[in-house]
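Shared between the two complexes below is chain A, which has chain B as its partner in the first and chain C in the second.
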Partner chain A sequence: MAFLSFENIKIRGISAAVPKNIKTTASLPFFAPGEGERVAELTQVKQSRIVSEGVCASDLCQRAAEKLLADLHWDKSEIDALYFVGQARDYIAPQTASLLQSRLGLAEECIVLDLPMACQGYVYGLSVVGSMMSHGTIKKALMLVGETNSTFVSHYDKTAWPLHGDAGTATALEYVEGAAPMQFHFAGDGSTYKYVYIPAGGARMPITPKELEYVEPAPGQKYNMTNCIMEGMNVFSLAISKPPMSVKKLAERYGIEIDKIDYLLLHQANNMIDEKIVKKLKFDPSRVPMSLKRYGNTAACSIPLNIVSEIRAKITGKCVDTIMCAIGSGFAWGSAHIELDHIVCPEVIEY
Partner chain B sequence: MKTLEDFIALVAEQFDNAENIEASTEFRNLDEYSSLTALSLIAMIDEEFEVTIKGDDLKKVATVEELYNMVRSRMQ
Partner chain C sequence: MSTKDWLIDWFTKHSAISAEELQKSTTVNYMEAGFIDSFSFVMLLSDIDDEYDILFNNEDFLNPLFTNIEGLAKLIDERKMQ
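Presenting the complex of A and B:
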């Protein structure tokens, strides 16, 4: 059983940056008349944001981090650790956290680390950053979670492109004795790795001209081997069954009364999935913030972006109890019981 | 226990034009069948039978009755 709990770590602030360019689901060119509207209605992904050429996830994260540090009045020299979570890294090597350390002007005395996770990245990232900090020597850390799905998802694939958007976020964490515990449950099934999969570009399948040739396995579904290929129906089956199970295990293990949680923060995958999860947990839907309509599925960014975009005004100046839950490529999934105590949360930045 | 007739009715609910759905209907060959209908079938089976059917599983069966038998065989 993969459970984890540690104390003395507090989230101090969360910020998010999105590109200005808007992609409107219903008007994408590959849809037959009426099909786009239907997909937008069922998934509730009405719009999403897409970076301009040359803008990376790290650029969005940088803007989010600069704003958050300014609002927190944190001195850059105090940051002891910087993590970048996401798959759209600037380069295959070196890691993006190193680039951001320099671009943000952080000190040399700083741990820098990438966690190349997909949609589950926020939950997993908090567990890694928080547990490293819980030893007590690293006092302040930044976790930058960014994704540009537009880099990998084929723009000619109607099974994937309508759902996805780009974003960058920053989460500031601090070692504070007496802070409420952060509690986690994790699980995974690596045999399903092809359900969401970028075949080429790693060591297993280097990119040659052959990998760049487009294939069209079904009408409206065109991609090459450098694209993120999704088996939507298989993903759906996992995504409606594993997350509610994970939340129940977390609640059982740590004696959490799910009804008393202020907010259930689900990975924003697709409304059909999230509605099913909420129903299975018998949770009040009015306490499940949904930013899908504005930003679509932004992979690991979706939980922090959801907080900033949907509940910042409601949680400012308050302490709220949350359960976060996400599943993503791997497949790996997990859930977390996290308190958001008077966090600093500036409005969504457009860049 | 839900019968084959109940199952047919539940399958029919996932289609707009449902009059002609029977045990022997090859549901994937219906004009109306799309990835979205497949998702609603998976969701319906999950909800009504607490059985996980994957996209790959749907491709292994042809008729509504075969799908029903697959669901039954996986019930605890």
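Presenting the complex of A and C:
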């Protein structure tokens, strides 16, 4: 049984940074006349943001973190732990958390850890960070969640390129006695790993010139082995069945009344998927924010970016109850019951 | 409305193919023939789930019956009986 609950950990703030470059779905060059508009309408990804050359997810996270630390009036020397969540690490080695520790000017006495997770990364990340903090010796932590899908997804794959975007976020957590518990459910099925995967670049398939050759197994779906390859139909089938099941299991285990939750925060992959999940949970769609239209699928960033971009004004100065749910490559999925209590939430930064 | 008629109606609404042409093409591979693309196929799965409360998975996608209207109708009817 993969449930987890711990107390005394509070999210103090969330910030987000996105690139200035806008990719408009309807205008993508590989679409036939009218096709782009139809894809934008079906998926609701009207536009997304992509980094300029040389900009990494860590750069976006750094900007988000610096803004958040300033707004929280936190001294950098107080940060006891830094986590980087995402697959677009600066290098295969060393871990990106170490690089960010230095770039942010954090103390040497600081835990640094990478969690190279995909779209489910925010939920999993909170569970890891919070669990470590719940022992009481780590008082303040930063969880930096960043992704540059534009560096993984083939620009010639019209089943994938329109959907994805880049972002970097920062979440500040603090040990606070009496804070509401964070509760989680997790599950996964590793046999589905090929539904979304990047074949080359790891130890299983090192990159040679062969892996850089483009293939086009279906018209309009052109990629090489260093790109993210997605089996859309299989992903859809998993994505609409597992998340609602996870939320129901979470609610049953911890006695949560789903319809009383203030916000259902779903990973932002595709509007059709999220609509199905909301319908299966019989949840009020007006309490399901959707940043998908403006930012596309930003992988693990999508939940924190969604909070900052869509509901920051509504939750400022308030305590709100949320359920977060995400599924990502592996496949692994999870849901979490998280309170956002008077969090600091600056506007989305453009970098 | 029979399952096959529901599918023909669906394809009429979501492809550029007329109902009359679809009636004659129920054993044609709708993806290979370009009736719909992968985005629309996802919508088809979603609408089948809404209409019949049936969610197909990756094993179903490998079934040759899945690739044409005639076969898909048969699969849906079989699943409805379960």
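Throughout what follows, the second predicted complex is superposed on the first by the 351 of 351 C-alpha atoms of A that agree within 3 Å, B and C clash if a C-alpha of one lies under 4 Å from a C-alpha of the other, contacts with A are read in each partner's own complex, and residues count from 1 in each chain.
Convention: a contact is a pair of C-beta atoms (placed from the backbone, for glycine too) under 8 Å apart; a residue touches a chain by one contact, two chains touch by 3 or more.
Just so you know, these numbers come straight off a predicted model, no measurement behind them.
The wider contact with chain A, measured as residues touched, comes from C rather than the other of chain B and chain C.
Contacts of A:S27 after superposition on the shared chain: neither chain B nor chain C is touched. By the touch criterion stated above, A:V39 is placed in contact with chain B and with chain C alike.
Of the two partner chains placed by superposition, chain B and chain C are both touched by A:M272.
Contact with both chain B and chain C is seen for A:N234 once the two complexes are overlaid on the shared chain. Within the superposed three-chain model, A:T159 lies in touch with chain B and with chain C [touch as defined at top]. Shared interface residues of chain A (contacting chain B in one complex, chain C in the other): 38-39, 42, 159, 231-234, 236-237, 240-241, 272, 276, 279.
The part of chain B that touches chain A in the complex is made up of residues 35-36, 38-39, 42-43, 46-47, 52-56, 58. Per the touch definition, chain A reaches chain C in the complex via residues 38-39, 42-43, 159, 192, 195, 218, 220, 231-234, 236-237, 240-241, 270, 272, 276, 279. Per the touch definition, chain C reaches chain A in the complex via residues 37-43, 45-46, 49-50, 55-58, 61. Residues 38-39, 42, 159, 231-234, 236-238, 240-241, 272, 276, 279 of chain A are the ones that touch chain B when the two sit in their complex.
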